[in-house]
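In this document, chain identifiers A, B, C and D correspond to the written order of the chains, with residue numbering beginning at 1 in each.
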Amino acid sequence: MDVGFVGLGLMGLPMARNLLKAGHRLRVYNRSRSRAEALEKDGAIAVDTPAEASAGDAVFTMLANDQAAEEVVFGGEGILKGLGQGRAHISMSTITVDLSERLAQAHHEKGQAYVAAPVFGRPEAAAAAKLFIVLAGEKGAIEKLQPLFEAMGQRTFVLGQNPAEANLVKLSGNFLIAAMIECLGETVALVRKHGADPRRFLEIMTETLFAAPVYRTYGALIADQNYEPAGFKLELGLKDVRSVLAAAETKSVPMPVASVVRDHFLSAIARGGANLDWSALAKVAAEDAGL
Amino acid sequence: MDVGFVGLGLMGLPMARNLLKAGHRLRVYNRSRSRAEALEKDGAIAVDTPAEASAGDAVFTMLANDQAAEEVVFGGEGILKGLGQGRAHISMSTITVDLSERLAQAHHEKGQAYVAAPVFGRPEAAAAAKLFIVLAGEKGAIEKLQPLFEAMGQRTFVLGQNPAEANLVKLSGNFLIAAMIECLGETVALVRKHGADPRRFLEIMTETLFAAPVYRTYGALIADQNYEPAGFKLELGLKDVRSVLAAAETKSVPMPVASVVRDHFLSAIARGGANLDWSALAKVAAEDAGL
Amino acid sequence: MDVGFVGLGLMGLPMARNLLKAGHRLRVYNRSRSRAEALEKDGAIAVDTPAEASAGDAVFTMLANDQAAEEVVFGGEGILKGLGQGRAHISMSTITVDLSERLAQAHHEKGQAYVAAPVFGRPEAAAAAKLFIVLAGEKGAIEKLQPLFEAMGQRTFVLGQNPAEANLVKLSGNFLIAAMIECLGETVALVRKHGADPRRFLEIMTETLFAAPVYRTYGALIADQNYEPAGFKLELGLKDVRSVLAAAETKSVPMPVASVVRDHFLSAIARGGANLDWSALAKVAAEDAGL
Amino acid sequence: MDVGFVGLGLMGLPMARNLLKAGHRLRVYNRSRSRAEALEKDGAIAVDTPAEASAGDAVFTMLANDQAAEEVVFGGEGILKGLGQGRAHISMSTITVDLSERLAQAHHEKGQAYVAAPVFGRPEAAAAAKLFIVLAGEKGAIEKLQPLFEAMGQRTFVLGQNPAEANLVKLSGNFLIAAMIECLGETVALVRKHGADPRRFLEIMTETLFAAPVYRTYGALIADQNYEPAGFKLELGLKDVRSVLAAAETKSVPMPVASVVRDHFLSAIARGGANLDWSALAKVAAEDAGL
């Protein structure tokens, strides 16, 4: 297929590369053009605007936050302008439910399809085409694009016609990870202050009740107090929890653990940890216990 | 071996039966004697006091709470009196760190061994000899008893010489489960109020990031709002979180998520849910969101 | 003086009336014009746009929220357009720190003065000219306007040159009230469940340690469970606590009690209480205790 | 009257002295006898046991915690033994609801009266006979003792026949103070990080909405970060909040702000602040904001 890709960061670059490997024709756009040009040797066509990247059958976006996503869509030479009628914008970024709803509305008014397709997985998973992709939007568009999703992920989950639902699921998943980190942090502080070995504690947890990769990964980071370099920056974790709390507030849902996590992200940032990995929530728990 | 077993409840009964199956000689004691007698057809010898149950090489206890454990050990015809010098008391109950320390001290003063051996697993796992057993105490005692642990569990984790550490690990694990239930409850309330399908949401979570049995088990209970009959009663969940908070307080460790969980257990009980399964924490989250 | 007044709600109307009583010439604007015309018999001149209300020496605004304040300032026939160079806009509304900063910047660029002058007091206090007024902004402007503040309030507190500080103080004060309500609600639930008399409890508190009018006022509402009609609507309380949390987040300040209060406002609204008085936070505390 | 006084600490000593000044005959007991002997020059009779101090018409106790109160009552030469039938024990200490209920029961069984009479006020107020005294217990006993209460306090509040209610009111009052400190701490951190003056902020609060002595006293300590020497030690504050949470737990009442306060007391202690004034809760809020 003939598609575009906007946003070639830590996640977007390997994802775009996987589309090229699978034989698709790819126009690529990135704010700092050098990252787009770097993909030319893999066969990509570097373009100058998001609108140009939208000249094919569909355009993918993978951006850091709402602001970046809004700019490439609504900006002067943006996707909304460049995308032909009946073509699809697939938004893979972790954006808010509110923005996703506005994007759906804007594309709908232009007769364009809009699919939300946020992903679970860190950069290594993106490179290995092992992402999990959560999809929601027009059924026809999703079906047609299935081969492209398969080129990037190990599995897709199709939800329904309302794109924002996929964003809600993604944000909720990120909250569950952040909450898990918080809880591991609290227990590790407890275990350490009782003079016990946190590595052994986490080993037992992850070999019995919590035998899931996400517990093992974060358990190891916390046990080793290994918060740099960040796989996922703490300030991005705060952004996602803030987005969850915003989605909850619109429907009057209190989420007290999310509030605790938010407060601790703020403490971590206040103490200089914005660029640490978000597993550094456990550092706050340790410091609050005098460790 | 020639051992005793005190406490034949939902967990203790199948555990004792597994010791009998493995060919050990077993004296059994239970407060309501009928449950002890019921084991006689499997070859057990029903006795009248914890002291009599302690006449062999070792005695196991599996009781509901600190109070019961204190009674069978310190009571008139208790284990402390009946257990010979050099013999071992293996406490498998989920008791507090504080009581475990007092038991260790009391047995030590009598020249008796004391091993803490709390378990992870529900009654089905006990019946199938699939428990995970966390061990701490005198190395010699633990090694000698290894075949008995193997008759009851699928795996043992040996920690070190300080018995209370095993109790701390057990309580921390139970806190992690309770916190997971709380977090699932909050996200499910969020998902439901946005009109999305909680089953589908939980399916995605447990097939991707959180592919651990404990998430699947509780995810299903929460999605189906299936809180009766209780696999583990909510009021026992409160007891365990209270024990975690007590262990944390002795070392000045704040655990704010544990505080949230405690508060919600209290709400659940105040609203009549003491005997529901502890997954009914999710019911509180739903009600707090007006569901 | 010759001034304008924009926003004639429950608070604005009596405040404007007090300016008229003090002999000032007043142009008044309100979105629904009837409320402006009602003031004509007191000598006011009803005008059609915020810009027209800004034709004198200064213009006061007293609006319900950020959105309304933004519209009357930045809108087509808004204050920014109508206010002459060197004249002052005095914003008395409870708005966010962020909007106050943007207003200061916008007026500064036009060579206009901007004073933030939020008030403490309910409608009765506004009618009796008993408001407390917190002032920040250009010293000269504040001094010149002093007689007008005296016509509306019992006392002014001048902070300094940065208008947003006055808004921060106002929001923090509202948080302290909301937190006080929450705490009274928690203790009243405790007292009631122990079978004691909450009225007697609150009487003791407000005649000893907490002999402040705000404790007496809210203590009485809570003891009588008298949440209607609202003196200050619960949903406005949520708005203010949200504004406090936003101001805190920009400086990385965790405020865990504010988070608790926010969560309980959401519960109250989820259960249908948006239009109750914000003292109905105590209703959530009671319900959470099974009352 | 002929009475006894047990416990001559920072509070008890000036209280006993006021009873002497009012012309009562006083037997005094203190664990370290020197403090009792020091009162002999004021006319007191130093005795060797709580039982001896109970030989008159009534005996007052003013002790630091439950443990001390239990010892002087239930101990070998304790009050229970020394107090004659029909005589009264007036417990003025801040003890738990649970202990107060046990004391009531024990005295009742001996045919002795028991009155709970906890006080609000710091040592200066005790010296000036300005305490507020909250009374509950047998009506006859309270009436007979009224002159003694008047010698120690500025006002009494009589609740009813159930002594534990007075303790509940006292503990709830202490929770309200601790929560107020926490909230002031959070807002002061907010104000400081916005570059505003916390003294000015607190001045405005305490001269408007919160014109109560308790706000002024603690506001000044917080604004000046003046946490030593302690008027009331932080670890005693934790004890009282723990007692409130225990009283709440027995009736299934969640008190989330009390949970937050407890967690922050623990952090303060973990960081070495056990002996600071309990207003140092504000130090935790500041540190959590990176100050």
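For the reader, a short list of remarks on this structure follows.
The criterion applied here is as follows: a residue touches a chain if its C-beta (ideal position, glycine included) is under 8 Å from a C-beta of that chain, and two chains touch if they have at least 3 such contacts.
If you're wondering where the values come from, they're calculated on a predicted model, not measured in any experiment.
The interface formed by B-C recurs in A-D: of the pairs listed in A-C, A-D or B-D, only this one shares over half of its residue-numbered contact pairs with it.
The chain with its Cα centroid farthest from the Cα centroid of chain C is B. In this assembly, the C-alpha centroid of chain B lies 39 Å from the C-alpha centroid of chain D.
Separation between the centroids of chain A and chain B, computed from CA atoms only, is 38 Å. We define each chain's centre as the mean of its Cα atoms; on that basis chain A and chain D are separated by 53 Å. In chain A, the residues touching two or more other chains are 248, 252-256, 260, 263-264, 266-267, 269-270, 288-290. Remark: chain A residues 242, 248-249, 252-256, 259-260, 262-264, 266-267, 269-270 touch chain C in the complex. Interface of chain C with chain B (complex): residues 256, 263, 266-267, 269-272, 288-290.
Considering their complex, residues 97, 120, 132, 134, 155, 157, 159, 162, 164-165, 168-169, 172-173, 175-177, 179-180, 182-184, 186-187, 189-191, 193-196, 200-201, 203-205, 207-215, 244, 247-248, 251-258, 260, 264, 288-290 of chain B touch chain A.
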